[in-house]
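Next come two complexes built around chain A: one with chain B, the other with chain C.
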Partner chain A sequence: MQFEVTAGTGATILRLKGERLDAHNSDALKTRIKEIFDGGAKTVLVNLGEVRFIDSSGLGALVSGFKNAVFHKGRLALSSLQEQVRSMFDLTRLNRVFDIYVSEEEALSALSGK
Partner chain B sequence: MGKKVLQLDIKIPNQTRYLELVGRIGEDLAREFGEEGGGADDLAQQLNVVLTEAMANAIRHAHEGDPDKTIHISISLSAEELWIRVFDHGPGFDFDSACAHEPEKLEEHGRGIYIIRSLMDTVVYRRTREYNVLEMWKKLS
Partner chain C sequence: MTKKGNTLRSKREGIDPYLTKVDEYMREMATARKIQQYLLPDVPPDLRGVRMACCSIPAHLVGGDYYDFFRWDDSSLDLVIADVSGHNLGAALIMVETRSVLRAHAFRSGNAGDALAVVNELLYDDLTRTELMISMFYAKLCAETRLLTYANGGHNPPLLLRCGQEGYIELDADGMVLGVLKGVDFEEKNILLKEGDVLTFYTDGITESQNESGEMFGVERLYQAVYAYRGAPPEGIIDGVLQRVHDFSGRMDLQDDVSLVIVKID
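Then we have the complex of A and B:
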């Protein structure tokens, strides 16, 4: 799994470049999110648009990222979830924890306060 | 269990790199034997998740991440029922505490068995002298 990090308006955008987020690559995501917050970012948007499959380890990496955000008094938001991925958030009730946006554009608009 | 349509036995190294392969086998199986339409797609996704979670659980908790060990997965399919068994030969894990996951608590770990139990009808973990086995059943009709 590759990650693409870019500075957007009002948020640092982390795009996952791969279809599958599971116990094989979730630690890499966890580390990458931590690095971004440790580097001074306050708001991080994770774009999951390419991800077709997520397991409990992938969800755990995002929960870790959420905790990083709280620790740094920042925010972590998610966007562009495919239906199968969304169903895993619903199943584990993590849909109540994360700010989830339909698209990256909608997320950036909301996060930048426009 | 009714007349078997298929029995699939997989022996696979105790490594997370093979999770995708095992998940994909589950998806293909559901598409091959599932009813056409939305039902087969849902079952394919669920089987991918269940097999991935069960194997990851065995790697992390039962085999303690030893890459030289092997995990044995057995899938039996009939028209009425899907029966999956994941065998490990390690010290095993505490199934009861794995079942005690509370979604309201924002923990990083501990959702695997919760997810499996949500998607399958019956889930048990048995420990014998020779092996441990996570058994999962799902009614298909």
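Then we have the complex of A and C:
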């Protein structure tokens, strides 16, 4: 899986370029999010729009990112969840931990306080 | 010795140390697998008026699935099923730690919600350091009254098939996957079971099993399988479900760890 990182208004945007977030690429995502926070970012938006399947390892990587955000007194938000991905957040109740937005635009608008 | 023979021997000597290391690694992993399988009950304890069966199959040599039974007397037990994120050696190590914590503290928790809360508090730091999390469902069954009380830490809700009825009830309760936040309250619910009811506790390796076109087995197919075999003993229901998962995915190896516990009320 490739990661595309861009600076947006109010957040650093991390777009996941691949359909599966699972045990094969979750460690790479953990590392990438950690690097972004270590680099000084305070708010990170993970755009999951391309991801059709996420398993517990993928969720674990995002939870690790959430804890990194807390450690850096920052925020980790998510956007553009497809149905299966959304259902995993509902099942595990992680929907209460993350700020989840319907689209990247909505997320950036909320995160930049507009 | 010819020049070609010398070259082959020298290549072989270069590879041999690596082959030995791979061999050692595989032997150690086989031992780890054996120990992990020993830590899971192969048969559930006897409980008056209830028949049960269980199985766990790791996708690789070791896995992160866990189930257990804590029998208190002839007619009551606690049943837990859990899934550590990932299905590798790290998940297996945390699974063993989870088992120890549960076995040491289960008896102190008067209800299912408290049991999950205690485990969450005790494992939180280790799960944070290891960047793992656990989904866990905890149930307390009294066979005499047929009362099932339960709490859910973000695990796939078990299915209840009522005797003589089509459809299923998902046993869910408010909570949170373990290792994410401290101080989580876990709601406890209860339901009265009846003769002939079938309970299916499972991990996501069943429902997330995929076929060639990427479609998932899902909860509905799991229900259909249990419903089809509901007249069989619990072991027969497990065999029937696993066969359908294999038929669906079109492969005999597993993509994720798979665990199943079937409970039939007599």
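By our rule, the second predicted complex is superposed on the first by the 114 of 114 C-alpha atoms of A that agree within 3 Å, B and C clash if a C-alpha of one lies under 4 Å from a C-alpha of the other, contacts with A are read in each partner's own complex, and residues count from 1 in each chain.
Please note the rule applied: a contact is a pair of C-beta atoms (placed from the backbone, for glycine too) under 8 Å apart; a residue touches a chain by one contact, two chains touch by 3 or more.
Computed from a predicted structure; not experimentally measured.
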Based on the superposed arrangement around chain A, label chain B with chain C as either clash or fit. clash
Determine, under the contact definition given at the top, whether A:V63 touches first (chain B), second (chain C), both, or neither. both
Just checking: does A:D55 make contact with chain B only, chain C only, both, or neither of them? Give me first, second, both or neither. both
First, second, both or neither for A:S79, with chain B first and chain C second: neither
Pick one for A:T92: touches chain B only (first), chain C only (second), both, or neither. both
Touching partner for A:N47 - first (chain B), second (chain C), both, neither: neither
Contact-wise, after the overlay, does A:H24 reach chain B, chain C, both or neither (first, second, both, neither)? first
Tell me which region of chain C runs into chain B after superposition, given the options 8-16, 44-52, 62-70 or 188-196. 62-70
Intersection of chain A residues contacting chain B with those contacting chain C? 23, 53, 55-57, 59-61, 63-64, 66-67, 84, 91-94, 97
Of all residues in chain B, those that touch chain A in their complex: 16-17, 19-20, 23, 45, 48-49, 52-53, 56, 59-60, 103-104, 106-112, 114-115, 118-119
Which residues of chain A touch chain B once you look at their complex with the stated criterion? 20, 22-24, 53, 55-57, 59-61, 63-64, 66-67, 84, 87-88, 91-94, 97
Would you tell me which residues of chain C are touching chain A in their complex? 83, 85-88, 128, 131-133, 135, 154, 156, 174-177, 179-181, 204, 208, 214, 216, 256
Contact footprint of chain C on chain A as seen in their complex: 23, 26, 30, 52-53, 55-57, 59-61, 63-64, 66-67, 84, 91-94, 96-97
